[in-house]
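Here chain A shows up in two complexes: once beside chain B, once beside chain C.
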Partner chain A sequence: MTPASRERLGTKLGKLDRPGTVVWLLLAPTLLYLAAFAIFPLFYSLRLSFTDLTAAAGTGDWVGLRNYGDLLRDPHFWNATKNSAVMVSASLAIQVVLGVALAMFFNLQLRGAWLVRGILVLPMLITPIVVGVMWRALLNPDWGLINWCIAAVGLEPPNWFGSIEMAMPTLILVESWQWTPFVFIIVYARLQALPQEVFEAAIVDGAKPLATFRFVTLPLLMPAIIFAAVFRAVDSFRSFDLIFGLSYGGPARSTTTLSFFSFQNGFQWQNYGYAAAVSYMMLLILAVGTIVLLRFVQIRPGYAK
Partner chain B sequence: MGRKNESGREGEPGKGTSGGVNRRQVIKGAGAAGVTAAALPGLMGARQAFAADYDPMKYAGTEINILMTGDENDHRALDDLLPEMKAETGIDLVVSAPALGPLIEKTLQNLKAEQSSFELIEYLGFLTTQQVGGGYFMQLNEFIDDPAETPPDWDFDDFIPAAMRNVGYYDMATGTVGKGTDVYGVPGLHSGSVIYFYRKDLFEEAGLQPASTWDEFMAAAQALHSDDVAGCSFIGANDFSLATVDWYTRFITTGGSLMSGDPNEKNFTPQINSAEGINALQMLIDYLPYAPKNVTQYGFAENVDGFSTGRIAQMIFWSTIAGPVLNEENSLVADVTGTAPVPAGPGHMPSAIQGGWGVGIPANIDPAKRGAAWRALTWVTNKRINRYSIEAYNIDANRTSAFKDPELLEKFPYLEHALSAIENAVTIPTSRIPEFFQMNAMMNVEFNAALIGAQDAKTACDNVQAQWEDVLRKAGHLA
Partner chain C sequence: MKRKIGRAFAYLVLIMLGLAGIAPIVYLGVLSTKKRIEILAQVPPTLDFKWARITKNYNEVLFSQGMLEFTVNSIIVVGATTVLVLVIATPAAYAFSRFRFRGNENLAFTILSMRFMPPVAIAIPLFLMMQWVGTHDSYLGLILPYIAFSLPLVVWIMIGFFDEIPQEIDDAAIMDGCTRFEVLWRVMLPMVRPGLVTASLFGAIFIWNEFLVALYVIDSREFQTIALGAATLVSAQRPIDWNIAAAVGVVTVVPILIFSLFVQRYIVRGLTAGAVK
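Right, the complex of A and B next:
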C-alpha cells in the first residue's frame, strides 16, 4: 500500500469515524425496513384507495374520491362502523373494569396468588384465530362443552351465534376473556410500583378503603389505565382474526366490524380499491379517536397537578 | 430438461396431425357421421399409431408444481399416487393445497405475476370466467391433439361433457364459458352436483316413497320428524351452499330463472325477488320446525355429521358427501341410506347446480416447462386417478368411465344418481362474471337473516335483488 492510498483509506475511515455517519449506518437497516414494509405500503394503499382496482380489472383506473363517496353511502359500511364502535367500547369497558379489579385483588398478596396470576394471563398468549376456533367449538350449539354444561344444570343454553341479539355480546365476551389479562398486567405492574407513603398518609388522615381507592389509588393508576385502554382500543378496533375464527361476521352481518368488512372486500371479493378506502377510513377513525381519548381523558396522575 | 419433440421446439407440442386431420377431429367427425362399432377398430388402429410416438419419460427429472384445493380430498388421493407418477413419467410433482380463500388469493397472485410459480393450477368452475376468461390460462387444444404429448390412454372424450362445459371450453370472443371448442382446462380433480339423500329405513317404516316433488319432501319432513331425528335438513348457515345448493335447486326446479339478459350487452338482470325466488326461500323457512334445532348454523360439516349419525331423515346435498355417508367406517346409517335425483316442482325436471374443478396451465409459466406441465396434467386427470379417488376417498369423478365402472357401481350405487345429476346440472349464470362470489355472499347473508327470523322471505329477496343490481351496475354488466 502506497502512502497516498494509505492516506485515502485513512480519510475514508476517518469519515466513518464521525458520530453522524455511524448513527446513520446503524439506522440504515431499520430505515430501509420501515421504508419497504411500512411507508411504501402506506402510500401504495392510499393510492389504491383512489382506484377501482379489482381482480377482474387487473389494473385499476383512477376514480378520485369515488370509493370514499360510495363508502359513505354504503349501509354495510355504517353497519360495520357501528359494530366496531359497540365492540370496542363494550369490550374496553369490561376489560378495564375487570383488569383493575383483578389487579387490586392480586395486590392483596394472598397465598397461592402467583399460581392463579400465571394461569390468568394464559389467554392472551394464545393466537386470536385459535381463540376464535376454540370458542366456536366450546359454544357449538350441538356438541359444545359450554352448552352441555348449561343443559346439564337444567337451563336452556343461549343461541350464541344463531341470533343477532346474542352474537355481538358473545364476541365481546370472548374478546374480554382473552384481553382482560393484558389490562390486569399493566395495571398490576403500576400498582406494585406506587409509593407506599401516600397510602400511609391516607390511612393516617383516616381515609376509608373506598375513599383511598377513589382519591389516591385510581388517580395514581390513571397513566397505566389510559395506556392500556388506548392500546386495547386500537387493537380491538383492528381485531380481525378473532372474528374470522369465531363468527365470520355473522349472523346477518351482526359481528361484521370494519376490519372484517375490509377483509371481505379485499380478499374475498378482490375489490382492492374499495377495501383500501375502508382501511383509510379506519385509520382516520383511529387517529381521531386516539387524539380525543388522549386529549380529554386525564392521563397524568392527580398528585402531579 | 425436456427433450425436443417432433416439432423441434422444446416443451412445445407438435402439431399431431395426420393428413391435416387431428385425432380429436377424426373421432368427433366419426361420431358426427354415425360411424358404427364396425368402423371403430380402424380408429383404434389410428390411436395405436399415434401411441407409437409417445415417450412417457420425455420429461423425466422436471419438477412441476401444482396449486390445488386443500378443502376436499383431491390432494390426498394425489399424494398417495405420487410415487407411481414419478415411476411412470419421471416428473416430480410438488403439491400445494391451501384452503379455498388462500387458494384463490395465491392463484390470482400467480396468474398476474410475470411468471407463475405453479405450472398447474386447479380452479373452481365458478371462477372459470374470472380466471380462464381473463386470459390467464394456456389454450390446450394443440397438446390434446398431439399424440407425442398426450398419453394414448388419456381419453379426452371420456370427460363428462357437462364438466367440460363448466371448466374446459371457453369462447374468448364472446366471453362465454362452455361455448365453442377451445379448451383451456381439463375437469379435475373432481366434478359434482346435488342429489337427494334419504333414510330408507325411516321411509319404509312410515310407508313413504322417497320424495320426487317438493310437496312430498315437506310431507315426509312432517311425518318423519321426531325428538331424535329431524324430518329434514339443509344448509341454513351463512355458507356458500345455502344459496347455491338449497335455494338454487328449489328455485330452478320450480321454474325460476336466475338472470335474464347478457353481461356483454349490459342487461344482465337478476330475478331474485321473482315469485319463484321468494317461494324457494319460503320453503326453507317452512322447513325450520322439522329441521335440526340449530340448522341456521348448519354448514357442510354439520349436515354431513348429522346425517351420518342418524339425526337427519332427508336432505339434498352435494353428491360428494355420498361416499362418506355410505361408508360404514364413517357413518352409522351407511346401510340404510338411499339416494335419488333431487325433487322438483310439478312439470319440472330434477336439476341442480354444476360444481367441480378444472385444472389448467397458466399462460405465464416458464415456456420450457409447458410440455412437462401438460404431461403432469394428463397424469393427474387420468382414468386411474379418477377411479382411485372414488374408491379411496369417495370423491365424485369427472370421467364417464369411472361413474360407469361396474365394480364401483356395485360398491357405491349412488354413482348412478351422481352421474345423472352432473349430466343434468346447470352452470349457475352468475359464474359468468367475476363478481360471482361477492354476489353469492350477499345472498347467503340475507337468506340466513331470513332463516333466523330477522326478516321475511320477500324482504330478503328484495334486499338481494337491490344489492346485486348495485354490484352489476358498478361492474358494468347492467346499465
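Right, the complex of A and C next:
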C-alpha cells in the first residue's frame, strides 16, 4: 500500500468516526429493522384495511372505506369499544389506588416485607393465558377455591363468568390481581428515592399524617404514578391474551374488547381486511390518547423527573 | 397498646397480601397433582400428594401433549431473539444516550412509542410478510417478528443504563485514542452488563408469553412454542381436563419463575427503568 492510499484509507476510517457519521452507524440497524418489521407492517395493515382480503380469498380487492363504514354501523364494534373503555378505566382506577396504597403500606418497613414484595412481583411474570386458566379454576362455580372460601363464611358467591353483568368485573379483578403490583413497584421505588427530610420537616411543622400524604407525598409521587398509569392504560387496552385464556370474549361478547374483537375477526373468522380496520381504530384511539397525554407529561428515560 | 394492635394489624395485612399473591399459583400447582375426578370431589383440594399421579399427569403433558418439545422450541426462539436484539439495540441506545443530534428526542420517542403498539395491529401483515419471504412455519418466522417486538423495549431500558454512566468516561477513552466503536465495545459494554441482563430478561419474558404471531405463523407442531401450545391446550373456548390444564400452566410458568429467581434483583430495575430518576 502506498503511503498516499494508506492516508486515504485513514481519512476514510476517520470519517467513519466523526460524531455526525458515527451516530447514524450506531442507529442504522435499529432504525432499518423497525422500518422493515414494524413501520412497514403498520402501513401494510392500513392498506389491508381498505381491502376485503380474507384467508380464503387469496387476494383482496380494494374496497375503499367500506370496512370503516361497516365498522361504524356494526353494533359489535361499538360493544367492543364500550367494553374496552370500561376495562381500561376501571382497571386503571383500581390499580392506581391500590398500587399507591400498597406503596405507602410497604413504606412502614415491616419485617419480612421484602419476601411479600418478591411474591407480589410473580403475577406479572406469569403467562397471561395461564393467569386466565388459573382464575377460571379459582372461580369455578362447582369446586373453585375462592367460591369455597366465600361459601365458607356464609355468603353467596357471585356468578363470575356465567352472567353478562359479572363477566367484565371478573376480568377486571383478574387483570388487577396481575398488574396492581406494577403500579406498586414503580410508586414504591419512587417513594424510596425521595429525601426523608421532606417528611421530617412536615412532621416538625405539625402536619397530620393525612395532610402530609395529600400535600407532600402525593405531589412528589405524581410523576411515578403517571408513568405507571400510562403503561397500565395502554397495556390493558392492548391485552387480548388474558381474555383468550379467561373468558374468550364471552359470555355473549360481554368481555370482547377492541383488541379481542380484532383478534377474532382476523384469526377466528379470517377476515383480514376487517380486522385491520378494527386495529386501525385502536391505533387512532391510542394516537389521540397519546397527543392528549403529551400535553401533560413527557415520557422518556431520564425525562420522567 | 394501641400502637401494638396497629402493628399486629399491619402484619396481618402483610400476610394476607402475601397469600393473595402466592395462593393462586400454589393452587394451580396442587390441582396439577390430582386426578380429574378428585378436583371435582375434593373441595378444597387436600394436600396428600401421590407420586404416581403426579408423574402420570406430567408425563401426559410433557410427552403426550408435547409440552417438552414446545419448551425446547421456546428456548431456541427466545435465546436467538434475545441475542440478536441486544446486538441491534445496544448501539442505538448508546447513540441516543450520548449524541445530541437533530431529531434525537423525536426519534427516541417514536421508537419508544412502538412499545405501545397493539400486537393485533401488525400480526396479520407480519404473517403475510413471513409467507412472502418463505420463513413461514419455521423458527425464523417467529424470530424476525419477535426482534421487532422487543427492540423498542430493549432500547428503552438500555438508554436508562447508559445515561447512568458519566460522559467523562467516554471522553477519557477518546482522549486515549479509542474510536467510538471501541469505546462502546471495550469500555461501555462491561459497565452496562446489568442493563444487558435486565433488558434480556424483559425481552425474554415478553417473547416467552407471546402467542398471537405464533398462532398465525406456525402451522406444524414441530415449531410450536410453549405459549402457543398452552393456548391451544387450555383455551377458554372449550371444556378442559382441569388436572391436565393445571399441569400445562405449571410447565409454562415454571421456567420463567426459575429464570427470574436468578436475576431477581434486575426485575425491579427493569420495571422502573425510566420511571425513577
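We take it that the second predicted complex is superposed on the first by the 264 of 305 C-alpha atoms of A that agree within 3 Å, B and C clash if a C-alpha of one lies under 4 Å from a C-alpha of the other, contacts with A are read in each partner's own complex, and residues count from 1 in each chain.
Basically, a contact is a pair of C-beta atoms (placed from the backbone, for glycine too) under 8 Å apart; a residue touches a chain by one contact, two chains touch by 3 or more.
From a predicted model like this one, the values you see are computed outputs, not experimental measurements.
Undergrad: After the superposition on A, what does A:Pro141 contact: first (chain B), second (chain C), both or neither?
TA: First partner only, chain B.
Undergrad: Applying the document's definition of touch, where does A:Ala276 land relative to chain B and chain C: first, second, both, or neither?
TA: Second partner only.
Undergrad: When the two structures are overlaid on chain A, which partner does A:Phe267 contact: first (chain B), second (chain C), both, or neither?
TA: both
Undergrad: Just to be sure I read the superposition right, which of the two partners does A:Ile164 touch: chain B = first, chain C = second, or both, or neither?
TA: After superposition on chain A, A:Ile164 lies in contact with chain B alone.
Undergrad: As a test of reading the superposition: which chain, chain B or chain C, is in touch with more residues of chain A?
TA: The partner with more contacted residues on chain A is C.
Undergrad: Looking at A:Arg253 after the superposition, I want to know if it touches chain B, chain C, both of them or none. Which is it: first, second, both, neither?
TA: first
Undergrad: With the two structures laid over each other on chain A, which partner does A:Arg232 touch: chain B (first), chain C (second), both, or neither?
TA: neither
Undergrad: Which partner does A:Leu286 reach: the first (chain B), the second (chain C), both, or neither?
TA: The second partner, chain C, only.
Undergrad: Enumerate the residues of chain A that count as touching chain B in its complex and touching chain C in the other.
TA: 142, 248, 250, 267
Undergrad: How about chain A: which of its residues touch chain C in the complex?
TA: Residue positions touching the partner: 13, 17, 19-20, 22-23, 25-27, 29-31, 33-34, 36-38, 40-42, 44-45, 48, 102, 105, 108, 110, 112-113, 115-116, 118-130, 132-138, 142-143, 145, 148, 177, 181-182, 185-186, 189-190, 193, 223-224, 227-228, 234, 237-238, 240-241, 244-248, 250, 259, 262-263, 266-267, 272, 275-276, 278-280, 282-283, 286, 290, 299-302, 304-305.
Undergrad: Please output the residues of chain A touching chain B within their complex, sorted ascending.
TA: Touching chain B from chain A are residues 54-56, 58, 141-142, 159, 161-164, 248, 250-253, 264, 267-271.
Undergrad: Would you pull the chain C residues touching chain A in the complex into a rising list?
TA: The contact residues of chain C facing chain A are 10-11, 13-14, 17-18, 20-25, 27-28, 31, 39-40, 43-45, 87-89, 91-92, 94-96, 99, 101, 105, 107-109, 111-114, 116-126, 128-129, 144-145, 147-148, 151-152, 155-157, 159-160, 163, 179-181, 184, 205, 208-209, 211-212, 215-216, 227, 230-231, 234-237, 240, 242, 245-246, 248-249, 252-253, 256-257, 260, 264, 267-268, 271-277.
Undergrad: For chain B, which residues count as touching chain A in their complex?
TA: Residues 101, 105, 108, 112, 130, 134, 237-238, 292-294, 296-297, 302, 433-435, 437-438, 441, 445-446, 448-449, 452, 454, 475 of chain B touch chain A in their complex.
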